[in-house]
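The data blocks that follow each hold one structure.
Two complexes are shown next, each including chain A; its partner changes from chain B in the first to chain C in the second.
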Partner chain A sequence: MSQLLGIPPQALFGQLLLGLINGSFYALLSLGLAVIFGMLNVVNMAHGALYMVGAFVAWLLLTYAGVGYWGALILAPLVVGLVGLALERTLLRRLYKVDHLYGLLLTFGLALIFEGAFRHHYGVSGQPYPIPDLLKGGTNLGFMYLPTYRGWVVAASLLVCLGTWFAIERTKLGAYLRAATENPTLVQAFGINVPVMVSLTYGFGVALAGLAGVLAAPIYQVSPMMGSNLIIVVFAVVVIGGMGSILGAIVTGLGLGLLEGLTKVFYPEASNIVVFVIMAVVLMVKPAGLFGRER
Partner chain B sequence: MPEGMRATTARTGTAMLDIADLHGFYGESHVLHGVDIAVRQGEVVTLLGRNGAGKTSTMRAIMGIMGKRTGSIRFQGQELIGMAPHKIPRLGIGYVPEERGIFSSLSVDENLALPPVVKEGGMTVPQIHALFPNLKGRGATQGTRLSGGEQQMLAIGRILRTGAGLILLDEPTEGLAPVIIEQIGVAVRALKQRGFTILLVEQNFRFAATIADRHYVMEEGHVVDMIPNDQLHANMDKLHTYLGV
Partner chain C sequence: MSLQTRDTLHEGLALRGGSPKVLLTGALLLLAVLAPYALYPVFLMKVLCFALFACAFNLLIGFAGLLSFGHAAFFGGAAYVAAHAVKEWGWTPEAGLLAATAAAGAMGLVFGLLAIRRQGIYFAMITLALSQMIFFLALQLPFTHGEDGIQAVPRGHLFGLFDLSRPLTMYYVVLAIFLGGFALIWRTVHSPFGQVLKAIRENEPRAVSLGYRTDRYKLLAFVLSAALAGLAGGTKALVFQLASLTDVTWQMSGEVVLMTLLGGMGTLLGPVVGAALVVTLESYLASTSLPVPVVIGAIFVVCVLLFRRGIVGELLHRLPGKGKR
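Entry: the complex of A and B
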């Protein structure tokens, strides 16, 4: 079996793995967007920039403080989360009573500022970030070669996504979150401090982006524009999955990553647009998205 | 408000809930115009009045979930105006909103467990199930898949868990079948016997008459009359005029 539908299996599985990796990042990022949109009604255009900040924090920690990958895996999401908290408390909070569009514009502006600032200081060429020693090398699975780090990224992303899903759908804290997404006033009238919950939700959502940034650093280079390259596809993922749907974000993220990979094998010319074609079709057939609920 | 009623309010200096000259606003619109209400511990008091008289707004003002409020709302001596909205229920006030507020993304059990316990001595889940047998065995059902009456029971039941001593019930009988209304009535009377203090908004004064100690009548954002339940029959004509029924 050296050929599969006229494609060497190495190429097929290679692209599928690449698709799975991309899908992991789509899932992590669209998950954060979904959580934020559900609770804050903000289309967080700064998400890609904060993903980039996460990667840069990891690189800065390594370059200037000697803190390695594992430390950065904890610290960078924390830093990004705190940045998010500050943004929510000082800026986003003022926009909840006005149209969605203002939140989108504000966060888009923030994205430009973050990207501009990093481009100014570090230039557009990417900074390399080494793979941690523990995750170097790879395994020959027979039908393909699996680099350890890439396997780790897929596993870690899946774990974080499922953990987040569990926390939101199956715990008391998650019940507060779901209830406050539906009717924040009533949840407040039960004695929950909803504004603090909203801040923490935004902080958590962008911390996920920061975490994705650290995971991405050794695969893609750490560059100021890495977020804006990714975020447009991620928004398409969120729309396809259904705005605000947690499970939708995870499943669609991974699924579309794989589909992109497959397209690269069978019809490479379409690989850049396949996600958007699917988005158009889904919007025509099911405007609320695959997992979304009509509002 | 007539002078005599002011005096009544003043005499109940030990009221659990004491609302004086309450004004309330939604944005620019001024909806409450000097509401005066006093509720003593253990009483069931209704707010009667036509649509738009300010009954629901009074409840929302107590919970701190309306725009601007002025005047005074004292609960067990503590002033609620100016207090952060999430702290008000923590004093022991439970709110059952008019639209019931059952969460569709939560199961029946999750809805029941949602409001945090704020005081000791709240009812246990088996006790709540005994009061509302319809909720038993429905725990995994999506909250909004219950019938209207069951949702009302769930909305009341989840507040009983919290240990709140004062319960604000906004139109619990609205849109329900007579047999369900009867069931809610039995439950509210049981709550009264357990010592709960209840402020009840009702359009259906026949229902109100079966459970309340006193009735406040509201018109155009303030209280225009107070009728003790034992004088309700003597005041029927007046009440018909107030409510336009």
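Entry: the complex of A and C
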């Protein structure tokens, strides 16, 4: 069987893999957004920009400090997380008492500053980032060729997503976090330092974005605007999945990535907008989102 | 700078009642009529187009409490419609503008129907995502000519009488369009309909409990705002004889949010002031080496942290007697 629905299987599986990779990024980013939103009630518009910062930190580390991919995989999320901590401590914190929309507007301003500054310094063209030696090459699976790095990206993001899910749903710290999401005053009364937890949550959420940035660097190039359109798709993913559940964010992210890949095979013109169309349909059928519980 | 004096006059206008108000309105109109003799008309027209755009946006955020992050879709989408109708179909400018307004209103109806199903932050995200869809459509559909946009749009003759290729004629037409749009918004805000919108902004469950079908009010406000944003976009396409991708990007949606925030959400004249300031700032920055998005972003951050009432809102707040709006 050399044809599947009139499409050569190599093309079909190739696009599906690409979709799965996009889906991994959607999952990582929407997971971070969901965690931040749950705790801070802030839609982090700067998430895409911080994803870009993560990729740039990796590139800068390689270019100026000679730190390779594996070092960057640890250091870049750390740097982005610290940036996030600083932002939360100095700026976001002042807005918890006013309408949540101001948090959105503030982070939008921050996104403009980050993207504008990097574009001013490095221009719009992308900087190539090499695949680490260990992950070069690929394997022939019989029905398709799997580049090792791409397999690694999917596996690593899945692992991180599931780890996050486990930490939030199954550990003591996660239980505090969930409790503080429900009722911060009461949790504070039990002697848990909620403000610190809020800061750490924001730091962790954006560190996930930074990690996604490092993972993305060798696949897409490192460019200042790499996060700006991606983040809107992630917003649509979040609307579709509903911000209620962690697992929901992961499943929706991966599923929509795959669907986008499929669309690229069968009707490429629509691949850019398929996620938004699905969002419209979901809003008509189930306004709270597929996994949402709030109204 | 003459813009500054105009702004202070605006403030005064908003505050005093009675005959000084009439006097000031007159003085203001006179200034607007004389302005093109002192300043570059295309610049003034740009200010007026963005002012109308921001006023339309403010109708939603300021008076109904709905933050749309996708208004560029109406502004830029309508610009494409106007440009295409006038250039490819040979329509007259008034028909082109009407088509642009209607198209934006129809888009607003679809967006609104979807977005009002969710509230607050979700509303913003949905409008943002839908407008991004319009951006991708504008990028791919053949009639928009992708990256090039629709260029060399003829301005034509309004009603077959006024030659719009003359800058002054064009300016007065744009001024009339702006004043018409502004008057409509003023009328809407001061109508019973506008009062219900304010009630929804302040406390939606309570408005529901009083028997108002808030979804319908929100939808109508959304359509009205989209249509007026479309009118502004169509006018801009005629002024610059160009409809391009810039006007449908989400950065444009952010820009109109900034104009309104800077001038003062929920004040009638705030968006006008904000639009004038942002357009002036951008044309000034264009000649320097400072990166525009960074400056715009910084203003955003400062406004949100320190200055949430905006310029006009802050002035209204400081003046005695009308402490609260």
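One rule holds in what follows: the second predicted complex is superposed on the first by the 293 of 295 C-alpha atoms of A that agree within 3 Å, B and C clash if a C-alpha of one lies under 4 Å from a C-alpha of the other, contacts with A are read in each partner's own complex, and residues count from 1 in each chain.
Methods note: a residue touches a chain if its C-beta (ideal position, glycine included) is under 8 Å from a C-beta of that chain, and two chains touch if they have at least 3 such contacts.
These numbers were taken from a predicted model, which means no experiment stands behind them.
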Review point. When the two structures are overlaid on chain A, which partner does A:280 contact: first (chain B), second (chain C), both, or neither?
Key: second
Point to revise | Partner contacting more residues of chain A (chain B vs chain C) | key: C
Check your understanding: Between chain B (first) and chain C (second), which does A:186 come into contact with in this model arrangement: first, second, both, or neither?
Key -> first
Practice item. Examine A:95 and indicate which partner it touches, taking first as chain B and second as chain C; both and neither are also allowed. Key: second
Practice item. Examine A:259 and indicate which partner it touches, taking first as chain B and second as chain C; both and neither are also allowed. Key: neither
Exercise for review: Mind working out whether A:176 is in touch with chain B, chain C, both or neither, as first, second, both or neither?
Suggested key: first
Review point. Can A:194 be said to touch chain B (first), chain C (second), both, or neither?
Key: first
Check your understanding: Is A:131 contacted by the first partner chain B, the second partner chain C, both or neither?
Key -> neither
**Study point:** Residue ranges of chain A in contact with chain B within the complex
**Key:** 172, 175-176, 178-179, 181-183, 185-194
Review point. For chain A, which residues count as touching chain C in their complex?
Key: 37, 41, 43, 91, 94-95, 98, 100-102, 104-106, 108-117, 119-120, 228-229, 232-233, 235-236, 238-239, 269, 272-273, 275-277, 279-280, 283-284, 287
**Study point:** chain B to chain A touching residues, read off their complex
**Key:** 63-65, 84-90, 95, 97, 101, 103-106, 110, 113-116, 118, 162
Practice item. Over in the complex, which chain C residues touch chain A? Could you list them? Key: 67, 69, 114-115, 117-118, 120-122, 124-126, 128-130, 132-133, 136-137, 139-140, 250-251, 254, 257, 261, 291-294, 296-301, 303-305, 308
